[in-house]
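Okay, got some structures for you below.
Next come two complexes, and both contain chain A; in the first it sits with chain B, in the second with chain C.
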Partner chain A sequence: MKGLPGLYGKEKDQMLGRAQKKRVVLTPYYLMIPPQFLIWAVVIFPLIWAVYISFHDWNPTISPERTFVGIWNYVTVFRDERFLSALLRMLYYSGVGVTIQLFLGTAIALALVEYVRSERLRTFLLVLFLLPMMMAEAVAAQMWTLLITDTGTINNILVWLGLNPIGWRSRELALTTLMIVDIWQWTALPLLIAYAARISIPESLYESSRLDGASRWLILRKITLPYMRVPLAIAFLLRFMDSYKFLDKVFIMTYGGPGTATELPTFYLYQTAFSYFKVGYGAAMSWIFGIIAVIGMFFFWRLAKVQ
Partner chain B sequence: MAKVYLENLTKIFEGRVLAVDRLTLEIPDKGLVSLLGPSGCGKTTTMRMIAGLEVPTRGKIYFDDQEVTDLPPEERNVAMVFQFPVIYPGMTVFENIAFPLVARKVPKKEVKKRVEEVANVFGIADVLSKKAHILDAGTRQKVVLARTFVRRPHVYLLDEPLTSVDPSTRVELRTVLKKLQSHLGQTMVYVTHDQSEALTLADRIAVMNEGKLLQYGSPEEVYNNPKNTFVGYFIGNPGMNFIGCSVEEEKGSCVLNAEDFRVFVPDLPNSFLRDFVGKKIILGIRPENLEIHAKAVSGAISFLVILVEPVGNRLVVHLKKGEKVLKAKIPRQEMSLQQEVWVRFPLEFLKFFDGETLETIEV
Partner chain C sequence: MRRKINWGKGVGIGGLILYGIFILFPIYWTFNTSFKEIGDVYKVPPSFVPTRFILDAYRFIFQGTGRIALLNSLVVAAISTAIAVVLGTMASYAYSRYPFTPLTNEGAQFNLLTVRMFPPIAFLLPIFWMWKRFGLLDTYFALIITYTAFNLPLAVWLLKGFMDALPRSIEEASYVDGYSFWQTIRRIVLPLIGSGLAATVALCWIFIWNEFIIAYLLGGRNVILYTAYLPSLRRGMRIMWNQIAALSVLAIIPSIIILVLFRKYLVKIYLRS
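Entry: the complex of A and B
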C-alpha cells in the first residue's frame, strides 16, 4: 500500500514513534467521479467501441448482425485507392493551402505595421481582412458556389476584362478552387496572430539593428521572423488542424465531385460510414486517419520546437 | 571619425512638447563630449536626432561638412548604445557582436578576428558561444558595447550605457570606454545624468536643462566657472551652495548681507560688485571650498552642525545659521551634532550670480 496518495508512510510513522494507522483520504476521488463518468461515456467508450466495430463487418441498415473479420478492414484501407488518393488530395489541399495562408497572412501583417502609419487606417484594414473569417463556413461556401458557376459573377468579370472564362468546378480545378475559397476565408487567422506577434517585438531592436547598418531584408530574416517563429508555428498548426477535418465547403460546394476530384479523407469517411453504411470499415479508416494525425503532430512539434 | 555639428536643433513632439530648443553644439573630431542634465532635459532626444531615430522639427545636423539631417539611421554610419541592453534574441554572443559586420558583408575570417579582439577587450571572450539573452544585465551591456566597438563608425553615441550595470562593473567599464576612445581616436557622445561620470570621462561637457544648452566647456570650466546657478548646482557632489544676499557698501568695502550673516568682500578692485549695490545677488560657493574651523578665527562666522554624512574619507556637513543651511565637504574628522563651528568664505572661491537672471556675474 506504500506510495499511494493520501497514505502516510509506515516507516515514517515508526521513525517518529507514532502509532501506526492508515489514513486514506477519499474525498478527491469522489469528486472526480462525475466528470470521469462523462469523459468515459462520451469519449473513451466510443473510442473503444470504434475499435471493436472496426474488427467487424457491419451494415446496420441490412441487419444488426456483426460479422467478425479480424484486421481485414485495416488491410483493406491500405489497399483502398480511393482513400489513398483522398489522403494525397488532403496533402495538396492542406500543405499548399495552409502555407499560402500563413505566408499571405504574415506578409499582410508585416506590411500593415511597416507601411500603414495611421493607427486608424491600420485598424480599419485589419477589420476588413478579418471580415471573411467572421462568416459562417456554410454561408461562405454557398456564396462562393454562386460566384464560381460557369456563368457566375467571377467568370462574367473575366469575360468583361476580355479574358476566357475559367471552369472553376472542373475536374482539374475544383480542389484548387476550394483551396482558394479557404484561403480567402482563413488567411485572417494567421494574419491576426502574426500581427500580434509583430507588434510585441520591442522597437529598440529595430532601432539598434538599423543603426548597425542592417538592410530591411536582414532585419526581416534575423530579427522579425525568428521572433515570430513560435506564434507562426501555432498559427500553422491551428490552420492545419482545421484543414485536416475540413468538410463543410466540400459538402456544400462540390459534394466531393466532379467524380471524386474533391473527395478529401473526411468526406470519404463520412460517405463510407453514413451513406454506404460500411460502419466497420469506416471505423477502421477513422482510426488510421486519427493515428496519422497524431504522428504528424508529433513530428511537427519536434520541428517547430520551442527553446 | 567626424566632427558633429548641430545647428539650431529643435524637436517638438506632437506639436506641443518642446524637447530640444534651438541647440547649437559642435562636437570636435575625436572628442568625447558628454551631454549632461536631469531626466527630461532633452539629452536623449538630441542623441536620437544625431542617430537619425528622430527627425528634427527644425535645425540641421552635419557630420564634418556633410549635412545628414534627412539621412536614415542605417546610412549615417553611427553606432549607438541604449540605456538598456538591446540583445538580438536567439543569437549567440558571437552572432550579436558580429551583426554589424555581417550587415556590411565583411568576410567571415575578418569577422571572427574582430569579434574575438573586441570580446577580449570587454572580457566576454569566454561566453561567445552562449545565447546572449540568458546572460545577466551587466554582461548583456558588455555584449552591446562590444557590438558597438566592433566597427568604426563616424561617431559613437552612448545613452546612459552604464545605468543598468552594477556599480563595480560600472567603474571597470568606464575605464575601458575611456581607454578605447582615446586609443581609437573616435568621436563619442556620452549621455548621462550622472555628473561624476561626465566629469571623469568627458573632454567637454554640455549641460542641458529643459531642452536648452546651458553651458558647454571642459570639465574644469563647468566645475570652476558655472555659467548659472543650475550648472553650479548640477555639477559637483553635493552641488554648489547658494546664498541670496543684498549688496551693501560699508567703509569702502563691499558687504554681502544675507540677513542671518554678512560676508565681507574687502578692498574693492571688485568694482564689478559696485554696480550691484542695493540689488540682490546670489553668492555661490562649492562645499569643498568652505573653510571650517573648530575655534573662532577672524572673518569666520559661527554655524551649527545639524547633519553629518560620511562619504568615503570625507564628510559632508550640513551647517545652519538662522534660516540658512550650507553644505561643506571636509576631510574626515571628529564632528558632532549641534557642535558650533566657524566658517570662512575664501574670497578666491566665491562666485556671484545675478539675483534675477541667475546668470553668473563676470569678474
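Entry: the complex of A and C
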C-alpha cells in the first residue's frame, strides 16, 4: 500500500483544479456506504448486541427473562473446565495437524517441482492435490465417515486382509482421525503456497550453485528453504486460524463424541449457544473466541513480518 | 554420488504416488459407493470397481429434497456472490485509490478483515437471534445477506490486489480523454481486471457452496441447502451411504470445474499474498 497513494489527491487537484477536487474527496464515501452498511448491519451491530447480551443470563428455552449478571459470564468461561480442555484439545489438533500439513505440503510441492518434468503431468497432479481443498468440509467429512465407521471401508479391508479392525471413532483415536481428515483436506493449502514460492525462485540461482558443486541437500537448506520461510509462516498462520474456526468436521463425523473426546472450542460454543441455549454465556464465549482469534492473528502477523 | 541422486528421486516419486493414492482414494470410493445398492455397501471384501452402474441413489437425489437442496445452494451462492462482488468492487476501488479518508484508511480496512478472522460460529449467535427477531430465520433473504456479509472481505481482499496492480496512469489518461468517473470504471478498470474479477467470483461462489454451519443454523426447513441436507441423510434406521455418496459426487463437480478453470489463478493469488 505504501508506494501507491501519497501524492494522488494533491497532484490531481493541481492538474484539474477545484471542480475535480470535490469529486475526488467524495467518491470514496459514496463507494464505501453500501459495503459498510452491510457490514454494520449484519456483523458489527449484532456483535455489539452480543456484548450487551453477554452481561446477562438468558436461556430462552426456560424463560424470556434476562437477568443482569455483569461480567460473571466472562469469569465463568475461564473457570469452565470443559472450555479449557477443549482449548487444550485444539492445541493438539491444530498444532500437530497443521505442522504435519506444512511439512507434508512442502515436501510434496518440492518433489513435484523437482521430479515431475512434464508440464502437463505436473499441472494434472497439482489439480488433483488441490481438489480436497476446494470441496466442502461437510462433504469431505461425509466421505471419510463412510471409510472410518466400525463397519466402514477401511475396517472391511482390514478384516478381509485378516487384520483386526480399528476403532477409528473410539475415545482414544477419534481426535487423531479428525486430524487425519484435516490433513487429507488441507495439506493442499501449504502445498499450493510452497509450490508458488518454489517456482518464483529464479532458476539461475540453482544453476550457479550446482556449478559451484553444491549438493542437493545444501541447495535445499541454503536456497530453497530460506526463500520459502515467510510464505510458509503465512501458510501456517492461515491454516492454524482456519482449523480453529471451523467445526464442520467435528459436527458431522463425531458430534463432539464419544463423550467430549473431540469437542473443540468452536463446537463447544455451538453446543452452548444452540443446544443448551445458554445465550448470554455463549455470547461471552463468542467474544472471547473472537478476541483470541484477533490476538493470534496479530501475533503471527508480526512473526511473519519480522522473519 | 550417482546412486544417491537416484535414491532421492525414488523417494520423491514414491512419495508423490503414495500421496496421490491417499488423496484420490476417498474421492474414488465415494464415486464407487454412489453406484452401489445399499446392501453392497457393507460387503466384505468390498467391491473395488463398480461392476454394475446402479443409478438408484442418483434417482433418489434428483427426485426428492436433494434436488431442491442443490438448486437452493446454487441460487443462494450465485445471488450473494453477485452482491458481494459488486460491493467488493466498490470497496476495493476506494481502498486502492483513496486510502486516506476515514472510511478507507488502514484501520477501516483492518476492521473489514476482522470479519474474516472471527470464527463464523462466534458471529452466528447474535446473527441467529437478529434474524429470529425479525422473523426472517429460514428465508432466502437472511441466508443471502449473511453470506454476502461474510464473503465481502474475501472479495475486497482479492479485488484490491488486482486493483493495486493496475497502474493509475491508465485512469488518469482516461480522465484526460474526457471519460467520466463511471465511464472510466466501466470501460477501463473493469475490463482490465476482468480475469481477476472472474477468479474472485469463482472463489466467492465456491466458498458459499461449501459452507455448512450458516446453512445449517439459518436455514433448514424452508430453505435447505445441500450441506445442511447431507447430515439428515444419515438419520434413520439405515444409513443410506449410496445416497450420501451420490449427493457428494454431485456436490464436488462445481469444485472440480472451478479448480480446472482457475488453476493458474490459484497459484498467482497466493504468489501475490
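Assume the second predicted complex is superposed on the first by the 263 of 307 C-alpha atoms of A that agree within 3 Å, B and C clash if a C-alpha of one lies under 4 Å from a C-alpha of the other, contacts with A are read in each partner's own complex, and residues count from 1 in each chain.
The rule is short, and it goes like this: a residue touches a chain if its C-beta (ideal position, glycine included) is under 8 Å from a C-beta of that chain, and two chains touch if they have at least 3 such contacts.
Nothing here was measured: the structure is a model prediction, and the numbers come from that model.
Asker: Identify the partner contact of A:Trp72: answer first if only chain B is touched, second if only chain C is, both if each is, neither if none is.
Answerer: So A:Trp72 meets neither chain B nor chain C here.
Asker: May I ask you to name which of chain B and chain C touches more residues of chain A?
Answerer: C
Asker: Return first, second, both or neither, reflecting whether A:Ser204 touches chain B, chain C, both chains, or no partner chain.
Answerer: The first partner, chain B, only.
Asker: In the superposed arrangement, which partner chain does A:Met32 touch: chain B (first), chain C (second), both, or neither?
Answerer: second
Asker: Is A:Met135 touching anything from chain B or chain C once the two structures are fitted on A? First, second, both or neither.
Answerer: After superposing on A, A:Met135 lies in contact with chain C but is clear of chain B.
Asker: So, A:Phe277: does it touch chain B (first), chain C (second), both, or neither?
Answerer: Neither partner.
Asker: If you lay the two complexes on top of each other, which residues of chain A touch chain B in one and chain C in the other?
Answerer: Dual-contact residues (chain A): none.
Asker: Which residues, counting only chain B, touch chain A once they are in their complex?
Answerer: For this pair, the touching residues of chain B are 51-53, 72-74, 76-80, 82, 84, 86, 88-91, 99-100, 102-104, 147.
Asker: So in the complex, the part of chain A that touches chain B is made up of which residues?
Answerer: Listed in rising order, the residues of chain A that touch chain B are 202, 204-205, 207-215, 218, 222-223, 226-227, 307.
Asker: In the complex of these two chains, what residues of chain C are touching chain A?
Answerer: Against chain A, chain C makes touches at 5, 8-9, 12-13, 15-16, 19-20, 22-24, 26-27, 29-30, 33, 42-46, 87-88, 90-91, 93-94, 96-101, 103-104, 106, 108, 111-112, 114-115, 117-130, 145-146, 148-149, 152, 156, 164, 168, 172, 175, 181, 206, 209-213, 216-217, 227, 230-231, 234, 241, 244-245, 248, 251-252, 255-256, 258-260, 263, 266-268, 270-271, 273.
Asker: So in the complex, the part of chain A that touches chain C is made up of which residues?
Answerer: These residues of chain A touch chain C: 1, 4-5, 8-9, 12, 16, 23-25, 27-29, 31-32, 34-36, 38-39, 41-43, 45-47, 49-50, 53, 104, 107-108, 111-112, 114-116, 123, 125-132, 134-140, 142-147, 151, 153, 156-157, 159-160, 184, 192-193, 195-197, 199-200, 216, 231, 234, 241, 244-248, 251-252, 266, 269-270, 273-274, 279, 282-283, 285-287, 289-290, 293-294, 297.
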